[in-house]
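These notes concern the structure reproduced below.
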Amino acid sequence: MTDEPLLKVENLQTQFFTEEGTVRAVDGISFEVNEGEIVGLVGESGAGKSVATSSIMRLVETPGQIVGGTVTYKGTKIVDIEEGPDGQPRPSEEMLTDEEMREQIRGNEIAIIFQDPMEALNPVFKVGAQLREFIELNRDVGSAEAREIAVDMLREVGIPEPVKRYDSYPHQFSGGMRQRVLIAMALACEPSLIIADEPTTALDVTVEGQIIDLVHDLEAKYDTSFVWVTHDLGVVAEICDRVNVMYLGEIIESADVDDLFHDTKHPYTEALLQSIPRPDQTVEELEPIVGVMPEAINPPSGCRFHTRCPDARTVCREFHPTEQDVSEAVTATHRVACVKYESIGYEDARPLETEATDDFGSGLIDASGEDA
Amino acid sequence: MSNATYETDTDPDTDGPAAVESRVGWRYTISQVKRDPTAVAGLVIVAFMTTVANIAFVDDVLFGFLGQYAFFANRGIEQFVLAETFWVNPEVDPGTNQILRPPVFMTNELYPEQPGTMAHPLGTDHRGRDVLVRLFYGTRIAITVGIVSTGIALVVGTVVGAVAGYYGGWVDDALMRASETLYAIPFLVLVIAFMTAFGRDLTFAMVGVGIATIPSFARLIRSRVLSVREEDYVEAARSAGVRDRNVIFRHVVPNSFAPVLVQATLQVGVNILIIAGLSFLGYGAQPPTASWGQMLNNSKEYMLPNPWFSIWPGIAILVTVVGFNLIGDGLRDALDPRINN
Amino acid sequence: MGRLRYTTVRLLQAIPVLLGVVTITFFLTDAIPGDPVQIMLGPSPSAQQADAIRAKFGLDQPLYVRYVNYLADVVRLDLGESIYYGVPVTQKIMERLPVTLFLLLSSFTFALCTAVPLGILSAKRRNEPTDHVSRIVALFGVSTPSFWIGLMLIIVFSFKLGWLPATNIVLPWADPASLDAVDPDASWLVARWQVVATSAKHLVLPMITLGTLQMAAFTRIERSSMLEVLGEEYVKLARAYGVSEFTIVRKHAFRNAQLPLLTLVGLQLTSALGGAVLTETVFSINGMGRLIITAINNQDFPLVMGTTLVFGLVFVIGVIITDLSYALVDPRVSFEGSE
């Protein structure tokens, strides 16, 4: 294997041009996926995770537009936006055309599993026919062979009586079963990378467990890489090798899964971890994250998390942190974007009065706490 | 109707979330509609037509009524005084040599050498009356019939639909079967039979069309009620001992108001078309009252000598109905976020 | 289980509707003032003649007896005898119904064949010039009185250009001997061709007149349902698996997008039947629409009842066909369920 990662996302930017203004849904994210790896993309709703995945597949719909960055897949530039002579972003010459993207990448190289299995299957076609169509389209096989592959795949993902179920309609399947069908669909096209966009969010907890076990087994068997999008750190702990935490369109911490859980650097990741029950730690009480995520249309100045950060200081309001390498081991990379890890005077700055610092911090701030 | 439902907002004790929501939604809707250029165009058309209709009403009906009394007649107030002052009297026959004249600058088969004049910019009809003036007075009829017939259908349909949806069971079955039955007879035929039985004039056209279109409102309200009925606040109001009638009209109906408003606006346009069709067949405004459908009915005998006579009333109907449809579409887009741009 | 039983159940459900149609029409017609006997026999018939006629048509009996008798007759498929025409109502209807059905089906075909592509194009090119044009056409279509469109078409295509006839409809299976346009010496095949050609010429203007409103209504719903379906997750999934936009529209979105249209087609039957009355009047077509107006104007009680019942029947059958095709398109609608 070469050192070149399977998927390399660099400074990807996607914006939505709405009547209210420009929404910077994905604002310069970079991450990599190596072969055989499951990479998590974690964040609250609205963090831009789904936009990031549809940007990779070039499936962003108007008024959304990819305005910058590069996505390299197996050495091919599937997204490569450069600035044109008029200052407007435009695709570079190396970037695949829509036609090439559709024929060479979607389905056969990168497949996707959507969040809501109830909506993702076409209600008027038989499940088997939908599977067969995508297999025929993405693998060089005939109709009969595609059917065989489909039935095998249904069996593989644990659908009982696959021959019979091949001729069923989606409404005759439960949510968990439909998600299995969608997983079968993704695997049957034999892609090297599967993007799973919150594939278990819409499912019951018990079914979620089954699906995760299934993916674990199949990932090992087919050696497929995954980008696993979720808001659930519990799922991340179970399944991912590496994790990228997103907040308001940016990746604020990325690390190996163990590092992220045991050597947490970013206060947001910390807050996320404290809001979920963990088998490895006993806590008196779970602490929900204070406040709601601001809207991406008008993000806070400086560090975007400062409005909700328990550790926020005045400098956080002015300075926008960039990703710093904080890894201790040579083999692993641990990057974090937080003012704390940049030498620009965090220690000397006064704590900031925010929703999150209110409870215990208010006494420390002097009454005249004005802006510096 | 709208006042009745929104008055509930002022009483905090009976103020359901339904009322609050629809009120907030209402303001939002207006702001959305204002930003939609096509809806604004619709509003302009309808406002213009309504103004024309009001002037026509004053000149024809109000002055006609007042002119019967010497006190007003002596002061120059009589029927069509406005029309006579600014243009020509719509009912006066200015002489047979003036019949079926083409519009200004145009000629027709009757007057191949002699184009129309500014005296009759749209030409004259088969009795020599000015087409523009008759179109002007026809506006009153069109706007009135459209709104009144829709109002009848709206009020009765809301009650029928709300009762059917709220009580369910055999009440629902019976009312829905009845509305299906009304649906199974073509509107036009139903209304013609109704008018033949009770009277051929405009009043019965409005009532007939109103009755025939009850089902469209009843069905809409019923489906809304069926979904709203299960909401928590309705459940809460019922368990708090609020009487059924109050639950329906203070909580359930206001919540269904938005789609009904859209339907009503569109229905005004449809009803104007239906009643024009009735007048075209000779059921509706009786001569000498001018209505667009009746003008078209008169014109169809003279399409060869003066085709213009057939063109104008149709355009008037078209523009008016387009106005209502634009408003209705604008409202629907504003109310249904899925279709929003 | 199965289609047959579903159809039977739906037909049985239609009975109360038809009963309602008969009841409404019966009492409405009875309320029409005036004496049909006078219309038949002139202003001053002799008392004997009048009584004879009254007895013949059962007009001497009380209302409820006549109602029950009429229902019994309808069940026996006996619609009585037309007072005005003096022939059995069924005979008159059989004479006129094919013309109206021919017109109706042609206009719906015309409407669907134009509306579906137009609506899809509009949805695919949303907010582009194509979409604006198609939306304006549809808006004007639903806002224009159909009979006026008829008058305009006659002025332009019959009077000014002289291309198409302005009156009547000829059925394509009509007897060649009955038409002037057919050369009497022509061979069977040529004669047949001439009949069909004449029929087509006569059909164009009334078809457009009656079909425009449906076309516009269908275009609007096709556009909005296509837009909605194109935003569905399964369309996004197909796109994510490399399916081309053309195939997505043709296959993945098409069937789903037709569901609201199907419902509307059934419902539009009522307005189309009403529109047929106007269209037949404009083009002087001897169809059901003008028949019912003649019947009402002449207080031809049995004929009014018969024609309305047939209109109701056409509507009910239309709705059942719609429901059946709905169930064929959407597997979620089972034939066993009541709704």
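We just call them A, B and C in the order they show up, numbering each chain from 1.
The rule we apply is simple: contacts are C-beta pairs under 8 Å (C-beta built on N, C-alpha and C of every residue); 3 or more make two chains touch, one makes a residue touch a chain.
Since the model is a prediction, treat every value here as computed from it, not as a measurement.
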Original post:
B-C versus A-C: which has more C-beta pairs touching?
Top reply: B-C
**OP:** Tell me which chain's centre, taken as the mean of its C-alpha atoms, is farthest from chain B.
**Re:** A
Original post:
When the C-alpha atoms of chain A and chain B are each averaged to a single point, how far apart are the two points in Å?
Top reply: 54
Original post:
With chain centres defined as C-alpha means, what is the inter-centre distance between chain A and chain C in Å?
Top reply: 55
**OP:** Averaged over CA atoms, how far is the centre of chain B from the centre of chain C? Could you give it in whole Å?
**Re:** 25
Original post:
Mind pulling up the chain C residues that touch chain A in the complex?
Top reply: 232-234, 236-244, 252, 255-256, 329-332
Subject >> Touching residues on chain B, where the partner in the complex is chain C >> reply: 177-178, 180-190, 192-194, 196-198, 269, 273-274, 276-277, 280-281, 293, 296, 299-300, 303-304, 307, 310-311, 313-314, 317-318, 321-322, 325-326, 329, 338-339, 341
**OP:** Give every residue of chain C touching chain B within the complex, in rising order.
**Re:** 16-18, 20-21, 24-25, 28-29, 31-33, 127, 139-140, 142-148, 151-152, 154-155, 159, 224, 227-228, 231, 267, 270-271, 273-278, 281-282, 292-293, 296-297, 304, 308, 311-312, 315-316
Original post:
Mind pulling up the chain A residues that touch chain C in the complex?
Top reply: 57, 59, 102-103, 105-108, 111-112, 114, 116, 119-125, 133-134, 137-138, 169, 171, 182, 185, 189
